[in-house]
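Order of writing sets the chain letters: A, B, C and D. Residues in each chain are counted from 1.
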Amino acid sequence: MTCAAGAPDFCGLRLAHPIINAYGTFDAIAARRAFGDALLEAFPFSAYVSKTVTVAPRQGNPPPRLWEVPAGLMNSIGLPNRGLEGYLVHDLPQLAALPVPLIVNVMGFSRDEVATLVGAFAPREEVSALELNVSCPNVETGMVMGADPGEVARLLQHVRPLTDKPLIVKLTPNASDVPAVARAAQDAGASAVSLINTLRGMALRPGSAEPWLGGGAGGVSGPAVRAIALAQVSSVAAAVSVPIIAMGGVQTGAHAREFLLAGASLVAVGTESFRDPAAARRIAAELSGSYGAPALAG
Amino acid sequence: MTETLADRVVAPFGARVVPVLERAEHGAYLVLTCADRHGPEPEPGQFYMLMAARRWGGGAGERPYLPRAFSVLRAPAGTLQFLLEAVGPATRRLCELDAGDGLSIVGPLGRGFRPPRDGRRPVLCGGGVGIAPLALWQDVLGPGTPALLGFRDAAHAAGSALLRDARVACDDGSHGHHGLVTELLAAELDAGAPAEVFACGPPPMLEAVRALCAQHGAPCQLALESGMACGYGACFGCVVPTTRGLIRLCLEGPVLEGSELGPEAFAMPGHGS
Amino acid sequence: MTCAAGAPDFCGLRLAHPIINAYGTFDAIAARRAFGDALLEAFPFSAYVSKTVTVAPRQGNPPPRLWEVPAGLMNSIGLPNRGLEGYLVHDLPQLAALPVPLIVNVMGFSRDEVATLVGAFAPREEVSALELNVSCPNVETGMVMGADPGEVARLLQHVRPLTDKPLIVKLTPNASDVPAVARAAQDAGASAVSLINTLRGMALRPGSAEPWLGGGAGGVSGPAVRAIALAQVSSVAAAVSVPIIAMGGVQTGAHAREFLLAGASLVAVGTESFRDPAAARRIAAELSGSYGAPALAG
Amino acid sequence: MTETLADRVVAPFGARVVPVLERAEHGAYLVLTCADRHGPEPEPGQFYMLMAARRWGGGAGERPYLPRAFSVLRAPAGTLQFLLEAVGPATRRLCELDAGDGLSIVGPLGRGFRPPRDGRRPVLCGGGVGIAPLALWQDVLGPGTPALLGFRDAAHAAGSALLRDARVACDDGSHGHHGLVTELLAAELDAGAPAEVFACGPPPMLEAVRALCAQHGAPCQLALESGMACGYGACFGCVVPTTRGLIRLCLEGPVLEGSELGPEAFAMPGHGS
């Protein structure tokens, strides 16, 4: 199921290249406001995954939500979103207008909530695939569901019958045996798995014993976690045959290629997009070998 | 996309590396001028995300890693100017840059100042490095626009030369009024015709400006700070509490209406210095 | 059980300051060869933990054993050591001559092997405490034993009766529920716990799909893992009352203080000693507030 | 401690920051001179672990983080000289340093060259940046000691001026003998009295030297490379396979006897360039 740097076929979707966005790290609606139509003309991802949707609207965690770590970022965003209704009314029409297939990431606090979300998107033609977030380290159940193979299997058995669309399961890296969870997901009907989500971390407010982040703990991403991500992707690839979306600290085409060599079908770019909103374009170009270093622009 | 509002100048998509043209010290501050021949002209109050093109990282505590937000100070003919104060690993690295070095920029970003309402006369009020966005705004509003600026000491008060006819308050009495800039502002609001205040500075100063303007029934537009990772709405990290709920400062601000803010907007760690 | 920056009492040992070495990152015998007696006069650690001892001698993993990651190091050393007999004959006499208490780190591939090791050191007066390595990510069983509360409890029940010395359990960070493992260790008689060991990672040989490290996967340490370590120490501190030895990316007195604030009694310095063999001296001095930045020496 | 052997000069305990005094380019190489007034005089073949005192990090791929090993080239009166070739993030950063910048050093470390045995005449053989440890050794052995040096091209061959009366082989024919330095060595071994060879260079060259010397029954001392994290035996990372098993190169080397090495010592990724 791995593919070279060419045009990949992912769960039946034909994509222009293997680089997509990491869930929750690129708000295409906001980016459109910041960069105008140029964003659509040079859209950097071959598929777009929207930020996690929950049944009820969420404000997210109180600020501060960010802490810079050596070669990385720790965040405690807390899944702010308009809720299912708000997403269907406000976000979906705008995201459907993007020039690439749309993957919707959903999260429920119980199996029934996940079923509600999957059921709501099942009939939507605008939606090419669904992703189940069972790994967000910021919300109690995410940690628990995604860390246990049995829990993941029961969830999949519950929601798999509700849709024909590809169902991707995002794995948590904070588990003793990630490949076992991946295998459980595959055996219960997952079409693909994605990893890694952020690693649980913490920072203190300088000079105090209080946590810096409004949400207490946070999740670490960026280059600091890349070697850890590569190890997990490689072990999961040895355990499953469904396609893998790999991510964690990808900054260059060479990094993306390493994840493909380790067994991934697609590679997602997250934190690097914060340093350059068009980073994924450069990465896709480097991957396909067509990239020349730019001169000074000024 | 229905939410695309023509309420701002939009940035080119992607980071561009431009050369630094000049560095000029102003007391405790540095003004960095870079070329940006192909970028749009920024509006007063907009900002850019900056990184050194080389060796961004490996500073104190192995940081910086992410870019940082900086208000545009002025933008004369195909160039951009930023006002920097070295407070941590990123600003220290930027303060090392010299002519010819590469600067990675994304911007202009965010919503800047809106014109004063109801024919009110504009009053500018800045504190410390927060005077930066007021310079370009004073150029637009007209050189006569009063600028009240507060600083810690003489080395910082040197920055007041960057605005026209600034009236200065200094904590240590070394320069102008011995005391807080909000004392100058209170006098100014009492004195003239109905005013609208445009302010930028440390959170306690902004909170004092907000409270003072509310007392005087004067609208105010406040340029806030908040820890940012991306600057373009991608990370949801820079939120501040408002009457509309938590909003992304990089997208809805950095300039917000005083009327939609309460003291809690200025009481968070990491929001401003 | 936490202590400020003063002279800590750790499991009955009176130590001069809270900074010790991370297991396997400082070979005092080798350092004595490189630096001579100056090492003993300015010994940087308040207690010395020797590299993991196994029953049989081990060569360790084939090279390459090191890979530099952003703000950190990945290693696959594989516990080279002379074995129990060699340690008793060669290493112990030399380590007993160090000016600080000696903690011996042991690892067995079965409960009986651990018992052999604990039994062998129990009567040795030169040894102040024993540490059980159940967390080394380079050896198959380490991952398994340390990730499961039941396994750890059974191990402790087996070996706790064999010695009166303090028994420290080194936890693995590659587990779903590290506090649960810590609690199991405490309930089964562990005198203290230490964390974090390295996080499982991997790198590829440039331009190939083969792993770079001779041992395949490796363990990530250094500043890149500090926020992750702080989160784990903080959760473990909330779960146990025995003292905690904390480590992971400590570079400064401020970092050490954060671990103490998060609930640790001692802080270990590992990778930073590679950048400066005397780093722990600076860190201890910074912690006690007596450190002035040095001028250029040349 | 029974294993403390007086077989080496020992280093002061701890990293010290010393100022760079001079940078001098020699074709593709840089010679960096720093002060080290209080350090001991190094022996030929010993090495130091180096880091830039500032901005070590934030280079390509967010590296370097760890220090790197460098042979001492020469050590005239209270100074140290290193020969650098920019091949990655650490060497690139070190090549940026200029007079006045701080260099963090640990050393001298390791075991250097031992004198030739049985009255054999010494022959030096170096390749590329591996000529570094031979310079000080030639000074000690005497200026007449033959030095056979191999380089890739003319820009690199410029480094040959750092030794006395060097005979040069160049891959591209631009300088001296057109071919491999081991061809010069074979001729030299055939020619004179029984020799002992001292060599340093890329792994394939060292392996060729080892095999050639074995053929000629000439003992050889080879200065090897290996990825190092600490340089003082702490990390067990730098091991190389020998007839004694895996040994820590930083502690037992970097100079090893050819007789204890086989081809596998030169066939590992990360061991030399």
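We adopt the following convention: a contact is a pair of C-beta atoms (placed from the backbone, for glycine too) under 8 Å apart; a residue touches a chain by one contact, two chains touch by 3 or more.
None of the values given here were measured: they were computed from a predicted structure.
Listing every chain that touches chain A and chain B alike gives C, D. Relative to the C-alpha centre of chain A, the farthest chain centre belongs to D. Note on chain placement: the centre of chain B and the centre of chain C lie 47 Å apart, centres being C-alpha means. Mean C-alpha positions place chain A and chain C at a centre distance of 34 Å.
In whole angstrom, the spacing between the mean C-alpha positions of chain B and chain D is 53.
Those residues of chain D in touch with two or more other chains are numbered 57, 61-62, 65. Contact of a single residue of chain A with at least two other chains is seen at positions 67, 69-72, 222-223. Residues 55-59, 62, 65, 93 of chain B are the ones that touch chain D when the two sit in their complex.
Across the complex, chain A is touched by residues 61-62 of chain D. Interface of chain C with chain D (complex): residues 24-27, 29-36, 38-39, 42, 51, 59-60, 62-73, 75, 77, 80, 90, 93-94, 97, 205, 212, 214, 222-223, 271, 273-279, 281, 294, 296-298.
Against chain C, in their complex, chain A makes its touches with residues 67, 69-72, 74, 147-148, 174-177, 199-204, 208-209, 217-218, 220, 222-228, 230-232, 234, 249, 258, 261-262. Residues 71, 223, 251-252 of chain A touch chain D in their complex.
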